[in-house]
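Worksheet: the structure to be examined is printed underneath.
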Amino acid sequence: MKELKETNKYTDPKDLKSFGKIVEWQEDMGNKFFDWYSGVTEGDTALTEREKALIALAVSHAIQCSYCIDAYTTNSLQAGADEEQMMEAVHVAAAVKAGTTLIYARQMQRQVEKVLM
Amino acid sequence: MKELKETNKYTDPKDLKSFGKIVEWQEDMGNKFFDWYSGVTEGDTALTEREKALIALAVSHAIQCSYCIDAYTTNSLQAGADEEQMMEAVHVAAAVKAGTTLIYARQMQRQVEKVLM
Amino acid sequence: MKELKETNKYTDPKDLKSFGKIVEWQEDMGNKFFDWYSGVTEGDTALTEREKALIALAVSHAIQCSYCIDAYTTNSLQAGADEEQMMEAVHVAAAVKAGTTLIYARQMQRQVEKVLM
Amino acid sequence: MKELKETNKYTDPKDLKSFGKIVEWQEDMGNKFFDWYSGVTEGDTALTEREKALIALAVSHAIQCSYCIDAYTTNSLQAGADEEQMMEAVHVAAAVKAGTTLIYARQMQRQVEKVLM
Amino acid sequence: MKELKETNKYTDPKDLKSFGKIVEWQEDMGNKFFDWYSGVTEGDTALTEREKALIALAVSHAIQCSYCIDAYTTNSLQAGADEEQMMEAVHVAAAVKAGTTLIYARQMQRQVEKVLM
Amino acid sequence: MKELKETNKYTDPKDLKSFGKIVEWQEDMGNKFFDWYSGVTEGDTALTEREKALIALAVSHAIQCSYCIDAYTTNSLQAGADEEQMMEAVHVAAAVKAGTTLIYARQMQRQVEKVLM
């Protein structure tokens, strides 16, 4: 019964823990991907791990990825970000998305001027 | 010289006028697409053509499609929408995009509570 | 037991009702966001509330936001839209998304001509 | 002649400088949007202006918004970020987008198991 | 009790089986859509059904559509694709998404040069 | 004069040729990215290079990336795909995007039933 329910679930939080299993079907590509992915997100580089976790958290919200929100919420906390900072990161993501939509209204405005001229 | 410059352009406003040329490479799929596309966007149906043009204008901004902003700005004007209404349609698109980003912060908040518990 | 299951859910319909809680972590940004968001979506302005609900419903489908589909389905109904109109709004969103994808095939066609020349 | 060419351009870098003109068509919504937008992106809050500029830069790349890349590249530099840090922010955005795509392969794998069972 | 839980679910795998029901609310648009949709995805055309299923599977991952991943995982298997090929299709989708994000860093680099000049 | 114009261009087709320059600002991440990216897209693996080029072409259209359309149009041609096949790949991408938008209308329909009950 429990099993049946599971098979009916699309996004399963447990997938996050078993992300590494994608390597089982294509080893070379999978290993190279994780090599890059870990190299980018883990540890302090020119940006601190905390900064990178907050950036990843913002992007995760921008692209509506529940798996990534799960992962980078935890990472942000562990790397020392607090709740207000995390919420601000999401506001930045939202503001950029809304700003992008509205800056294109300048194209609309120029187009209206062209049509009405 | 002029021609050289043209070939270096990615999104060319002239593509809009020649959209029908996609049918030349795949006739059956192209015709069926345009049959649906015209059936949806043209004329008064349950929604008026003006309402549909405004919806299309908003979606065009939401997905940052310059071609579509070009097309549906003209359509909205021709169907009787005015400038304030068109700008409001874009604000609705922007508000939904920002709202989507921020509602996912509720998942983040629930996750933080789970981690800190 | 019930509680455990809840914590394993990514998108929880109850988040919609508690959307306001994002303000608790960042008050100033949250209040300003909701000030704009409400100003855009609520009440009759140059567009009617019904028109804005239908636009929001279409954008919600275009960006695959289940929370927003939930919210704006209810809003559209309450503002007087009927089922056929709501479905047409979704078709407009789908047509614009498909149209955007296919208009870029004009760039592909121009590129093929350039390569084969 | 120069003018004619301009009118044929979809995304015009000059739109960025004249972003404020969207208020001319809908004053109340425009003002409220900019009130939120500035409140989020400007100045040090819980996050520093530099951190917010880097987050915005990453999100701008994630959603392919040339206008925003223009704006937040300048902002990031002015707020003290260097070139390596900015490039890392873009890598984080790219890694999250690729990671999102690949984590969904876990759903595919579970589905294959279900079908083959 | 079971019913109550269902109504609280946003994306329900059963929607896939009942996709045809969208026609009930708008018959003409719905029929035209499915006419195009089936014409594109079903059977061997210039591309084989297997090739089209793999392309659809990759796009489904690129746009994070769980419904489509469900549908095209099954289709890919039935059309003869194996697990390694399917995983590679997802890697291609992920690589294009990451590549798109990173190629825009060239605009950032040109912008930095312009600002620092 | 020519130079001035160039600096005013957002997406510059020349960026494609100089994509490798992103490594100059962050060497380790850049090299690892290209290692994965080349490993995925180049040569015959479980999928042929032609199949992968067509998948990449479809995804490029789905996410409206002009740079990638440029690159993978050329790759598809060089790997032996013809014009009809390439156009079909774009139709598949468009059909999946439209289908995704419309399948969410099932959630809307279920929500309407819930509200009207």
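Letters are used for the chains, namely A, B, C, D, E and F, taken in the order the chains are written, and counting of residues starts over at 1 for each.
Everything that follows uses one rule, which is that a contact is a pair of C-beta atoms (placed from the backbone, for glycine too) under 8 Å apart; a residue touches a chain by one contact, two chains touch by 3 or more.
Please read these numbers as outputs of a predicted model, since none were measured by experiment.
Among the remaining chains, those touching subunit A and also subunit E are B, C, D, F. A count of contacting C-beta pairs for A-F and for A-B identifies A-B as the more extensively joined pair. Taking each chain's centre as the mean of its C-alpha atoms, the one that lies farthest from the centre of subunit A is B. Equivalent interface to C-E within the set D-E, B-D or A-F: B-D (over half of contact pairs identical by residue number).
When chain centres are defined as mean Cα coordinates, C lies farthest from subunit F. Subunit E and subunit F have Cα centroids lying 13 Å from one another.
Centre to centre, using the average C-alpha position, subunit A and subunit C are separated by 19 Å.
For subunit B, residues touching at least two other chains, in rising order: 10-11, 22, 25-26, 29, 33, 36, 40, 45-46, 62-67, 69-70, 83-84, 86-88, 90-91, 93-95, 97-100, 102, 105, 107, 109.
Residues 11, 13, 64, 66-67, 69-70, 83-84, 86-88, 90-91, 94 of subunit C touch subunit E in their complex.
On the side of subunit F, the complex with subunit E involves touching residues 7, 10-12, 15-16, 18-19, 21-22, 25, 33, 36-37, 40-41, 45-47, 51-52, 54-56, 58-60, 62-63, 65, 67-68, 72, 82, 84-85, 88-89, 91-100, 102-103, 105-107, 109-110, 114. Across the interface of their complex, subunit F is touched by residues 26, 28-29, 32-33, 35-36, 39-40, 45-46 of subunit A.
Of all residues in subunit E, only 57, 61-62, 64, 66, 69-70, 73-74, 77, 83, 86-87, 90-91, 93-95, 97-102, 104-105, 107-109, 111-112, 115-116 touch subunit D in the complex they form.
Taken in their complex, subunit E has these residues touching subunit C: 8-11, 22, 25-26, 29-30, 33, 63-65.
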